[in-house]
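Look at the two complexes coming up: subunit A is in both, with subunit B in one and subunit C in the other.
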Partner chain A sequence: MGRTLAGLFHGRPRLQLGALLAGPVGWLVVGYLGSLAVLLVASFWSLGETTQAVQQTYSLDNFKELLDNDVYRTITLRTVGIAALVTVTDALLALPLAFFMAKVARGRTKGLLVVAVLMPLWSSYLVKVYAWRTILSEDGPLNWVLNPIGLSGPSGNAAVWLVMAYIWLPYMIIPIYAGLERIPDSLLSASEDLGAHPWTTVKRVIWPLVFPAIVAGSIFTFSLTLGDFIAVSLVSKNQFIGTVVYANFTTNPPFAAAFAVVPIVIMIIYLLIARRLGAFEHV
Partner chain B sequence: MRGNASPSRWAWLAVLGICAFIVAFGAGCGSSDDGGSTGEELTTVGEGEGELNLICWAGYCEDGSTDPKVDWVTPFEKKTGCEVNVKIGNTSDEMVSLMRTGEYDGVSASGDATLRLIDNGDVDPVNTDLVPNYKDVFPGLKDQPYNSVDGQMYGIPHGRGANLLMSNLDVVKPQAESLSAVFDEAELEKYKGKVTAYDSPIYIADAALYLMATQPDLGITNPYELDDDQFNAAIDLLKTQNEYIGEYWSDYTKEISAFTNGDSVVGTTWQVINQLLQGDNQPVDAVVPKEGSTGWSDTWMISSESQHPNCMYEWMDWIISPKVNAEVAEWFGEAPANSKACDFTSDPNHCEIYDADGSQYLDDLYYWTTPLSDCGDDRGDVCKTYDDWVQGWTEVKG
Partner chain C sequence: MSEGVSHAGALWDSVAFVPPVQRGKEEPVSDHQVTEVGQPEERVDVRLKGVRRTYGDVVAVADVDLDIRHNEFFTMLGPSGSGKTTMLRMIAGFEVPDRGTVEVAGRDVTTLPAYDRDVNTVFQDYALFPHMSVAENVEYGLRIAKVAKGERAERRDAALEMVRLSGYGGRKPTELSGGQRQRVALARAIVNRPRVLLLDEPLGALDLKLRQQLQIELKRIQREVGITFVYVTHDQEEALTMSDRIAVVNEGGIEQIGEPEAVYESPDNAFVAGFVGISNIVERPGGDFSIRPEKIRVLADGEGGEGLQVESGTIRQVSYAGMVTRFHVALDEGGEVQVARQNAETTSHEDEDLPGRQVRVGWRPEHAVAVGAQSGNETSTEEE
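Moving on to the complex of A and B:
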């Protein structure tokens, strides 16, 4: 049997490739794109009045509601705003750290830093979020420190920004670190030897080379913040795209589907811009 | 850009594939679901099927895991051989959508879920002759608009109670006894950022109830039958309240943690939450607000797609049997449905305190029900539907 199977594939590179890729491509098309397709179809459905059950009749009512009602625009802008802010914050925090890891630290220190950055990813997302809920709570450690000096910990959007920036930080550090690793040290030496000011080296040599890596990292931080609904609902009462989709998922699934199309469109636009900026050229 | 030609061809192929998928799926879906109930009730209860999947309100299906002393699921399993799997539903909306998966045999549905389930054929009528304990259920709970259609019962009444107003006694002095604590701006100002409310569209009724007491001009007669003006007034009130809310809760564990760590000090609650917090020595207490309250009246319903109907009938009889009904009622803090349960409560006054026969206040509560466009009076079809309530709730939270 094994022999005949081997015989079947022998000398047929296309068949070999097909058998190799059938699994992953099938999964991608059916499992991933398929569920997106279902989502798109469902977004045109509506609910019956007394039954509150989904009726499979096509209408644009859900999208009309999304456009007509101010509250959804506010929620979308709030979500995109926080996602952008988190991305910028993470980039600012990640750049110096990643530079130190890639170009300054050597041997043991470097290994320890990489482990330290990856360490938070070993614990569950929920554990981290609940830890933040405790930290930020009224009787939590943050207020315990801040209250005596007349301050109080962040709440609402600020709390969401803080927690999201913490949770997604490793996803920004790793791509930037990898990007900086790829820059040969000789380039930096050459720049120095030719008399460039360190700042000029950063601006003219490092920045253009690391920029695609930052954009790649920003795709993670931006999209993950855009879609989050657990953390944001645990540290803030404000509504975000994710929380509204989640709330409507039980009451009005077609509307939830319609609203879920919004972040998809935003991400498509974001990815197109990222492509323009060269994020995918050295992947 | 040499390699670009073939990837783009692949991309087009993928797009084509998705389109084909959508078309195939869309067409397939249109015809697959008839959603109809068999509409038939059981005539005899046979041998149990060995398994039972339930959707319960927190506190209704205790198997000793919350408190080893609180356990009426294990004795049921021993008696009937039906292994019980419990799924906690946090809101009526969640329960309805869980029931529609067809994976559950029964649900402890409140009045705002029951009509939706009956109308959509998600649940079957119940043959009350097969539930011996049904004869002892308080008459005030039988053949109600939220659990029956044309005299045919669609479930077995479980118990009822009021939504309460809870205060952290260390912070809120004197204890809040009026809804003004959560709706009046002057009162709200005192606990800004530490007020909580139930995160569900049905909470709009609480605001309507407060308006009923404070703004008689609006002419609200029933907090679930709101026309445009009344509805907008309730929404405005809730938007004001929103500025003072620390967090909303729908998961009861979330409210417990919020009251424990001081994030919430006053707001709506259930007796079971009060019970758990007091058991944990937290300084809290909850009362029925003096304006009256919204409440729930729960019904055990059997799924029209139940795989284990015999076990479900056994369960419906078990859960309202006098002793068990008394245990649940005391643990959850509600009025039992079975009149004989009153003889089994550890506090002999339980039924009186909770007004089990409905003579003091229970019959005056506004029980959760699904808002419909028909106002139920001479205003006609101008009332806000549940759809509007859902949208309104999103606007409140902003």
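Moving on to the complex of A and C:
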């Protein structure tokens, strides 16, 4: 049997390739693109006015509502704003740390740092979010320290920003670390040798070479924040795209689908801008 | 192409490259001609004084004193781990010595960062910036030095022409072959007109043919631009071919400094004799002596060997290597020597039955160089 199977594939590169890719490609098409298509189609449906049942007739009403209604516009802007803020925060935190890990630390220190960055990923997302909820709650440890000196811990948008920036930070550090690892030390020496001060080397050599890695990391942090609905509802009472989708999921599925399309469109625009900036070149 | 090259040279000079001082004097007649010792105004471009560098318990460079003269092609030759690269890195500014001083052009630069030194480096792995074109790579130093755009383009073109890469400016380094990348790295360094150019085994990654070709080019370029070259290599042939002077480096110290002939023909000690070329060391009364294989001749039967130091021995092994045939001869007096014979009028077949035969070998007495500590006498010992 094995022999005949081997015989079947021998000298047929297309068949080999087909057998190799059938599984993953099938999974992508059916599981991912398929569900996206369903989502997209459903977003044009609506609820019957009296029956409250889904009517499979196509209209742009859901999107009109999203654009016209101030509440949803605010929610969208708030979500995108927080996602952008989280991304910038993570990039600012990750760059020096990743640089230290990749170019300064050696041996044991380096290994320990990599483990320290990866460790939060080993524990459940919910555990971390609940931990933050406890820390930030009104009678939590943070306020217990801050209240006596007349301050209070972050809440609302600030709390979401803080928690999201914490949870997605490893997704920014790892690509930047990998990107910096790929820059040979001799390039930095060459730049210095040719008269460049350290800051000039950062600007002209390190930054352009690590930029694609930053974009890769930012795609994670930005899209993960855009789509989150658990953490944001646990640490804040504000509405975000994710929480609205979640709230409408059972009562008004077409509207939930329409709002879920919004972050997808935003991500497509984001990726187009990134490509414009050259993030996918000379990789 | 040759037209282009001479033009490049002219353009190079016209951009006011080297101070006109000594220009005529520096055109060497032979590869190995250097400024004579004792000439009154001998300029020193690099001076190491009592330089020491250790890594933990390992002494990488042990109290080295070294003068590298203006405009010479100076080579540091030694096995890997001998400290030659560390010395280079201290001149470049990537390492700071534990003690001692480094001077470039008479100025103490010991603690000066690399970006403030009038020195440029050609790295072993080329270290070209992958996100920049060839032209941008070459212009990098000029851009940082804020050279005006017009002059920048002019000097970039001249440098690319000098390394025979005119027309390659728009390419990315990844689109070039290893040899071409090496040339770009060279152009990127010399375009800045540094006082001293440091080359860290720049040809190490290339294959033999290309290496030999680039050796000649490097030598040509060095003469054209008139910059002091400090070249690090572990390849003795490369060192002998290109250098005005060679420093043989071993275990963090310098074993011998001299012109290629001096280092090869009269090695100061057994290490130099063994590392530079193939060396036969024989122990005779009065010390150890080194005799180069090509200086020894197998004498024909009945040949007198007048003027030669003659010893008898047994041929152990014959190996044919095309241009030469090598005989390993065990001498009756003790020791085994390798004898190289040019196959000018002979072929391999004539030597097939030789192993095991008794032969007489001879060399001129002055070619047996004392390398042991026992004797300063540079001739071979008396026999019988």
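What we mean here is this: the second predicted complex is superposed on the first by the 275 of 283 C-alpha atoms of A that agree within 3 Å, B and C clash if a C-alpha of one lies under 4 Å from a C-alpha of the other, contacts with A are read in each partner's own complex, and residues count from 1 in each chain.
Keep in mind that, in the parts below, a residue touches a chain if its C-beta (ideal position, glycine included) is under 8 Å from a C-beta of that chain, and two chains touch if they have at least 3 such contacts.
As the structure is a computational prediction, the values presented were derived from the model and not from experiment.
The superposition on subunit A brings subunit B alongside subunit C with room for both. In the overlay built on the shared chain, the residue A:Ala53 is in contact with subunit B alone; subunit C does not reach it.
When the two complexes are overlaid on their common chain A, residue A:Val265 makes contact with neither subunit B nor subunit C. In the superposed model, A:Lys237 makes contact with subunit B only, not with subunit C.
By the touch criterion defined above, A:Leu209 reaches subunit C but does not reach subunit B. The overlay of the two complexes leaves subunit B and subunit C separated by a minimum Cα distance of 13 Å. Across the complex, subunit A meets subunit C through its residues 184, 186-187, 189-197, 200, 204-205, 208-209, 282.
Residues 29-30, 33-34, 36-38, 40-41, 47-53, 56, 65, 69, 71-72, 74-75, 133-134, 137-140, 155, 234, 236-239, 244, 247-253 of subunit A are the ones that touch subunit B when the two sit in their complex. Remark: subunit C residues 92-94, 113-115, 119-121, 123-125, 127-131, 140-141, 144-145, 172, 188-189, 192 touch subunit A in the complex.
In the complex of the two chains, the subunit B residues touching subunit A come out as 14, 17-18, 21-22, 25-26, 29-30, 33, 35, 91, 93-94, 96-97, 100, 115-116, 119-120, 193-194, 199, 201, 242, 245-248, 254, 257, 261-263, 370, 372-373, 385-387, 390-391, 394-395, 397-398.
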